[in-house]
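Below are structures written as structure tokens.
Paired with chain B in one complex and with chain C in the other, chain A is shared by the two complexes that follow.
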Partner chain A sequence: MAQEIYYEDINVGDAMPELVKGPIQKLQHVMYAGASGDFNPLHTDDDFAKAIGMDGVIAHGMLIMGFVGQAITSWIPRKYLKKFGVRFAGMTKPNNTITVTGKVTDRRVEAGENLITCEVVAQDENGDVKITGHFEAALPSRG
Partner chain B sequence: MAQEIYYEDINVGDAMPELVKGPIQKLQHVMYAGASGDFNPLHTDDDFAKAIGMDGVIAHGMLIMGFVGQAITSWIPRKYLKKFGVRFAGMTKPNNTITVTGKVTDRRVEAGENLITCEVVAQDENGDVKITGHFEAALPSRG
Partner chain C sequence: MAVDKKFIGREYGPLTYEIGKEKIKEYAAAIRNEDPHYMDDEFAKNSKYGGIIAPPTFAVIYSGMLAAPFFMDSELNLDFAMLVHGEQEFEFYEVVRPHDVITTTGKIANIENKEKVDVVSLETYSKNQDGKDVCKAIFTFVIRKR
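Moving on to the complex of A and B:
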């Protein structure tokens, strides 16, 4: 859970605390399906996945995006988060371990808000990129 | 689950099939916590939420973003989805029912890809906006 954080304490180039998730088991796809209500069998039925030309089930992209979100909100309280965007770069397979890293790329005062922009990336244990993204947050000032 | 979809069948102004989720129960926050591993008590412990100045627990923002993603991938197969970005506009409270809608705002051929851009919005039963966003997909051609 995120501690309080202030604009003055953030510098361009600062690293976001790393978050490691996994190895992701097929059972987590099932849990995510139940939690989200997204029951596309591509995520839970290997036979179905193979029938549509995949090697087997893949994780919900939104689960991986959720990991990136969790990495962000473990550092920046949710209420300060304004924007979050991703590019889907690869599929996540069972037993992948996902590591989310990020760094601050910009900080600026704009329309009275103390804004930071960060780049984030989610990679598996082989360095294969699953998601790249960025987020913007408006932070409180110590002043 | 998304059916096959072709670039030629999509026009600017087309509506994305609507997705309705809810009413969201506190138990779904618990399920999402277990599925995602995001155990911030803000989502599951009313006492904790009140202690930090909230009225009570709120849903994980990533759960709501996941609903938007589910609305998208129920229409556009996941493998065609390239980018997805959101702006967090409001908190989701227990018993909110979330409706995701969207429409096509642009279509273009770019670097050999058949791209569509859509705007999406997630609102509760009172019309309060929780998330606005956009996505980009590269679609196959019938040609």
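Moving on to the complex of A and C:
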């Protein structure tokens, strides 16, 4: 859970605290489908997934983005988060364990706001990349 | 068949969505995010927010409602079996809380016809009951050509 954090305490190159999620079970796909309203059977029905040429179900990309969001707001309070964007780079399968890492790539004062930009990545236990992304936050100053 | 670029600018919505506290908890539980800001009433009451708030990616639920009329727009002729969610971007403004009534409008921001894929971006704008901006989102879908 995010503690208060100040612009002066953040430097370019700082690492975001790592977050490990999983191993992901098919049950979690079902929970996410119900919670999000995304009932695409590709995420919950192995027969459907196989019929369209997959090995089986894959996780919702937005579930993995949710993990990345959890990593961010475990570090930076929600109200400071201004922008968050990702590219879905790979499919996540049942039993994958996802590790979210990130680092600060820029800090600057702009229009009176203390902004930091961070790059984030979500990878499985083999190092295969599922998400690459970035976020921007406006932090309070100790000043 | 390629998605026709003439549909750039086509508008969808407005659609409204009332934020439910138990829905936020259900969403956080599905992510297995135990952050008490999203699930613990007592903790949240004493937090700087004064109550439960929605996690940032909850935006996909209220803004993503606009994906339904977009997907069902038969004139676009989207090839669902070939469609994947390629990219997702959010810009956040006001924090979202239970009982907020969020109104979302949107438009097709871009269509690119590439050699092997079409790339279609749906841009959405969400405001709360006070008329304040809460989120701008860009959903980018990649549709492989058969």
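Here is the rule we go by: the second predicted complex is superposed on the first by the 143 of 143 C-alpha atoms of A that agree within 3 Å, B and C clash if a C-alpha of one lies under 4 Å from a C-alpha of the other, contacts with A are read in each partner's own complex, and residues count from 1 in each chain.
In this section, contacts are C-beta pairs under 8 Å (C-beta built on N, C-alpha and C of every residue); 3 or more make two chains touch, one makes a residue touch a chain.
Being a predicted model, the structure only gives us computed values, none of them experimental.
Chemist: Of the two partner chains, chain B (first) and chain C (second), which one does A:M31 touch, if any: first, second, both, or neither?
Modeler: It touches chain B and chain C both.
Chemist: Does the superposition put A:G69 against chain B (first), chain C (second), both, or neither?
Modeler: Touch status of A:G69: both partners.
Chemist: Is A:P17 touching the first partner chain B, the second partner chain C, both, or neither of them?
Modeler: neither
Chemist: Please indicate which partner A:P41 is in contact with in the superposed arrangement: first for chain B, second for chain C, both, or neither.
Modeler: A:P41: touches chain B, not chain C.
Chemist: One more residue to check, A:K82. First (chain B), second (chain C), both or neither?
Modeler: A:K82: touches chain B and chain C.
Chemist: Could you pull out which residues of chain A sit against chain B in one structure and against chain C in the other?
Modeler: Comparing the two interfaces on chain A, one with chain B and one with chain C, the shared residues are 1, 21, 28, 31-32, 34-38, 61-63, 65-67, 69-70, 73-74, 78, 81-88.
Chemist: In their complex, what parts of chain B are in touch with chain A?
Modeler: These residues of chain B touch chain A: 1, 21, 28, 31-32, 34-38, 40-42, 60-63, 65-67, 69-70, 73-74, 78, 81-88.
Chemist: Considering the complex alone, what residue numbers of chain C touch chain A?
Modeler: On the chain C side, the touching residues are 23, 26-27, 29-33, 35-37, 48-49, 53, 55-57, 60-61, 64, 81, 84-92, 95, 138.
Chemist: For chain A, which residues count as touching chain C in their complex?
Modeler: 1, 21, 28, 31-32, 34-38, 52, 61-63, 65-67, 69-70, 72-74, 77-79, 81-88
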